[in-house]
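My structure is below; once you've seen it, I'll send some questions.
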């Protein structure tokens, strides 16, 4: 009896551990991101854009993928962060890392306020409420020209060296390292967040709010917390954009930004943290490549690819390796299930 | 005379997963069958496969001499299969009455007749599906299946959640429908003794395979046979 | 090292795509007409789409400079797009030719900007002057509520008031606005002599229709504005409602000069019979500025040298005589008053008066 | 004052005519079809081409736009959309945005980027002065068409068996099929009607809203606002919502132009906060 | 004996329809109380009112002497009320282990812990494993809930209620869909709860009700018709007429 119990216990712990172990693809991804600094010097700017988009999408994933709150207005927080960072640099401190904190605070505060508006309602309602808020903010940015520079944007922002040490260069290398570092730290934090009790409770709220309440989960509370955190994340992403471009214009708040980030996240897949990063890589690289090759009609091809992704199914694309010969498959599987501390040969 | 329903070496499940591992049995027109087995044995899967809403892997289903294996579910319903799903699945945004009329087919069963069988439904006729009590949903699910005026009724735990007095009435009604109107029925029920007297034949499933197929009477009459196929001892052995 | 690369960054998709297309076609028309070698260098045009988003413009600009090693940037459909590259071009010392964006302040944002389009104040002020000269006393201004619109409103009002006119009401229309009804009704209820209008080009045609439909013309309200509302690109499709509209602008496809006749002919032939508008002209003359500068430096592609060469350039463009102000690097050009007329079955902006050598009034005033 | 009210009503009706197809695909079929505007655009371009190149009368263009777009919708439904009903909403968003992108690029390619214009028949242009109230003729025409449409649709959806079957199919497609509802036929037909209505909306909207390749994106937000504020459980909900929004927007822009741009969003957010399922949805509805 | 659960003049109307009509009920602490009545009598509605899923039109709900009428559901759970649902309400994408662990962690106040990985809650994991074992679910512990057989899902439904260690447990037809031989086991587990735990059971299976309950309330059309011991109820002719039918045991 107690043998069976011990066995069950071991299986349980194993099962739970599997949930938050570092996976091979994660490690590969981060290594690749670092290696890129040295091998892709000409792509620093694109990579910076990817990192920022990824962080923004990660922020959306926290609310959408985990708490199940859709948003078509996430640019509100991104834009607020961008403006906050711009104004902060212009009028207060030019050092960017301090600016990140300032932006996170402003956006987080806004997220806290906005979270009360998304507590109730269906997907569609939330979609439209968030959209409405973002559009009103965008309009506000346009009309408050004395603070924001209006439609012409906030210029004259000069960003100091990071921590007083590293200047932003024309090649964008500093900018990339800076954005990547921010992305990494925040992903690391988010990883803990979602693999904890708190993260599980968010998923429970998403899956079945009625039952969630019946296991004592204070849904309102949790949603407010995660929404605030996510808004701060988005604000940091916006601030990174300001810091790496030293310019802010109202299109940081524009609808297309909210829509794009939703696309990015959905392409990469919601609810596992890396969807945003992978989606950002795919979407940004594709768009860049297509818009260089056909500046006028790239939308057509992007559209086609989006449709193909949906029709083929992301799961099937993710299981691309099942179409390979069996021997290769086994190898890939072994690699994919590898975790630190487990020798390759042992894992089965 | 050919059987109304003939299942032959049926393998089916959900997507890749196979639940039924080759099930065969027959049911004649106007006869009824108890489908028994423990939780997870595959009873629901079998019934749902007959309706056509699971993944079919191999084997055949023929109904009234026609091979239905590849027929789409809506055609099967038109061919005369009526279904009460296990989780009732009342259309929640339709009213009680719309639930009945939306799928109605011509025949002896009409809205009025269903109402006279379940007066409770008539009282609640303008309530929407998601505003019914569990038992009311169960009644509606049965009424809805009858509105199809089927030749074969598939009832997946139809008595669950009904008040005892309603259960009695329902069993009586079922008997009348089967005996009096020549409708065939397959009934799934956890409490075998409740339905065995009602049915001619019994199929017992165990892990997706038929473990007993034959007359119902011997199961009721001989408690040793009953225990062999349906009782606790077996359950203990399986989980140990 | 025998090529000279021009990075043309334009909104080729999104709401401002027609700007991108016109500018690109204009630039290409220039190359087609003047060959692709200057001072021994082969001119290579690299066209990129920024979809009208400033951070994209900035990234593309930076990439073009760092990776593609372009010698000059050009294009810039909207003000914020141009402004976003200011730090980059200053740091990299690469000239940027503004071919479309029209806010006055752009050229002040960097020493490396020059402009071949025009500024809104530049062609709003003449409208006010003309209105005053033609006995219009009471005006309502009606502009789209964003940078250029506000520029137009400000400078028209300033000039008109200075001349003794009265602006009874200033109406601003949101950028996203499907229906003009409430705004037009406001104008109508204010009973002015004329309404001064600035709207981004596509929207202008819808406005014009509703203007007539609502009976504003019958009520004796005259429609005057900047040339954006009678954009040559779509003017012909506007039909009768557009007739008689008075606008001011630096270019009309119907401008009467041999240079222009030739340009229009070649442009239409190359672009599926599309009519060139003022944006195409900005692209065309922008290329001229680059060609002329390179000629002057004898093929020296150094940014500072090029900018120096561009300052003070003067030539006769299809739009008329123009020059680049050596102090402000902004364009000095004639502004024409035009009226929409039916010319041989086609609607045209027919010029009837000229304000010569107009400088950007913002900088002129400083 | 009354003129403004009339304009507001007409504007609302214009919004409704564009959105009512979406009420059907999104509201009733529960499919997030962001490509609705693309169908509307198709209707618009059909009208423009027929009128300007072939001289077809405007009145004929309307039914033709409806039918042609309905047919196109039907074909797309059979080929693509039907695979997506069971997918998550986010996939539907991705798919329909993809379609929007393709349609935009396609429209650029075939029609060019400029604003398209049509000339209405004489009897529809201009306006009547009715005791000091200016009644735009075309606007009146839109109002009449809208009211007729609403009545017809409302009848079809609530009073017919087809309507119940549709809602049943949306509630639980698996069980609906098992009970004999031909779900795919019901969906195909409904989708075709929804698309056709979009086409009709596009045809009628061109005159006032204009038509360029960005149409699907530019007006998407407005369609969505109407449907959300109206609630997704009926046709009359969005109809009344469109009226409310139209009047509020026009009146807001007329009387307080400074905040004109905020009015429609403000009204929307306020309504959704008070009634999260839409102004006119039945309590507990989807 | 103290009163664990009390309702005072509880009324719930849906539009014009009164589902709960002036119900005043007292359940003593430690009671094994059954609630029976015809379909649509308002039993589930009453549970919904007790757990805050529905807000009453009027009247009060009192637990351990404290008025909880205006508390939200999760607060009530914190005060020791737990329930099962007549129609499964589970987290279909979670494994049974995760579901139960979640409930345990929330109960222990670790729900807000946002840094510690799940696997690090060792005591909770132990408890979860034991609980699953007791309900015969350890075999499917790692599978997605949506994919396990209906009967097992019913058991998980009960296990989840157990996980929050309630002082008042409300069971809405817990045995429906559970195999006949397991029903009595389930009820045995319920019966083995500590004596101070109050249980209210709704069930149409009279064998179970009569063997389990010490008191029974009969609800008809939103009104408590009679209340009494098992013997009294079984013999009551009115109950027979509206609910039990003739051949009831």
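Think of it as A, B, C, D and E in the order they're written, each chain with its own count starting at 1.
Note that contacts are C-beta pairs under 8 Å (C-beta built on N, C-alpha and C of every residue); 3 or more make two chains touch, one makes a residue touch a chain.
Molecules present, by chain and UniProt name: A = Permease component of ABC transporter; B = ATP-binding component of ABC transporter; D = Branched-chain amino acid ABC transporter permease; E = ATP-binding ABC transporter.
Since we're looking at a predicted model, the values are computed, not measured.
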**Q.** Required steps from chain C to chain E (each step between touching chains, minimum)
**A.** 2
Q) Centre-to-centre on C-alpha atoms, which chain is most distant from chain D? A) E
Q: By the contact definition above, name the pair with the higher C-beta contact count: B-D or C-D.
A: C-D
Q. How far is the middle of chain C from the middle of chain D, if each middle is the mean of its Cα atoms, in Å?
A. 36
**Q.** CA centroid of chain A to CA centroid of chain C, Å
**A.** 39
Q) What whole-Å value do you get for the distance between chain A and chain B if each is reduced to the mean of its CA atoms? A) 49
Q) When the C-alpha atoms of chain A and chain D are each averaged to a single point, how far apart are the two points in Å? A) 33
(Q) Could you pull out the residues of chain B that touch at least 2 other chains? (A) 131
**Q.** Residue numbers of chain C (touch at least two other chains)
**A.** 13-14, 17, 21, 145, 174-175
Q. Which two-chain combinations qualify as touching?
A. A-C, A-D, A-E, B-D, B-E, C-D
Q) Given the complex with chain A, which residues does chain D contribute to the contact? A) 26, 80, 83-84, 87, 89-91, 93-95, 97-106, 108-109, 217, 221, 224-225, 227-229, 232, 261-262, 265-266, 268-269, 272-273, 276-278, 286
**Q.** Residues of chain A touching chain C in the complex
**A.** 42, 45-46, 48-49, 139, 142-143, 145, 150-153, 155, 170-172, 241, 245-247, 249-252, 254, 256, 291-292, 295-296, 298-299
Q. If you look only at chain B, which of its residues touch chain D in the complex?
A. 48, 51-53, 72-74, 76-78, 82-83, 85, 89, 91-94, 98-99, 101-103, 105, 128-131, 144-145, 148
Q: Could you please specify the touching residues of chain E with respect to chain B in the complex?
A: 14, 36-45, 86-88, 136, 139, 147-152, 173, 176-183, 204, 206, 242-248
Q: In the complex, go through chain C and note every residue touching chain D.
A: 13-15, 17-18, 21, 145, 171-179, 181-183, 185-186, 202-203, 205-206, 209-210, 213-215, 233-234, 237-240, 272, 274
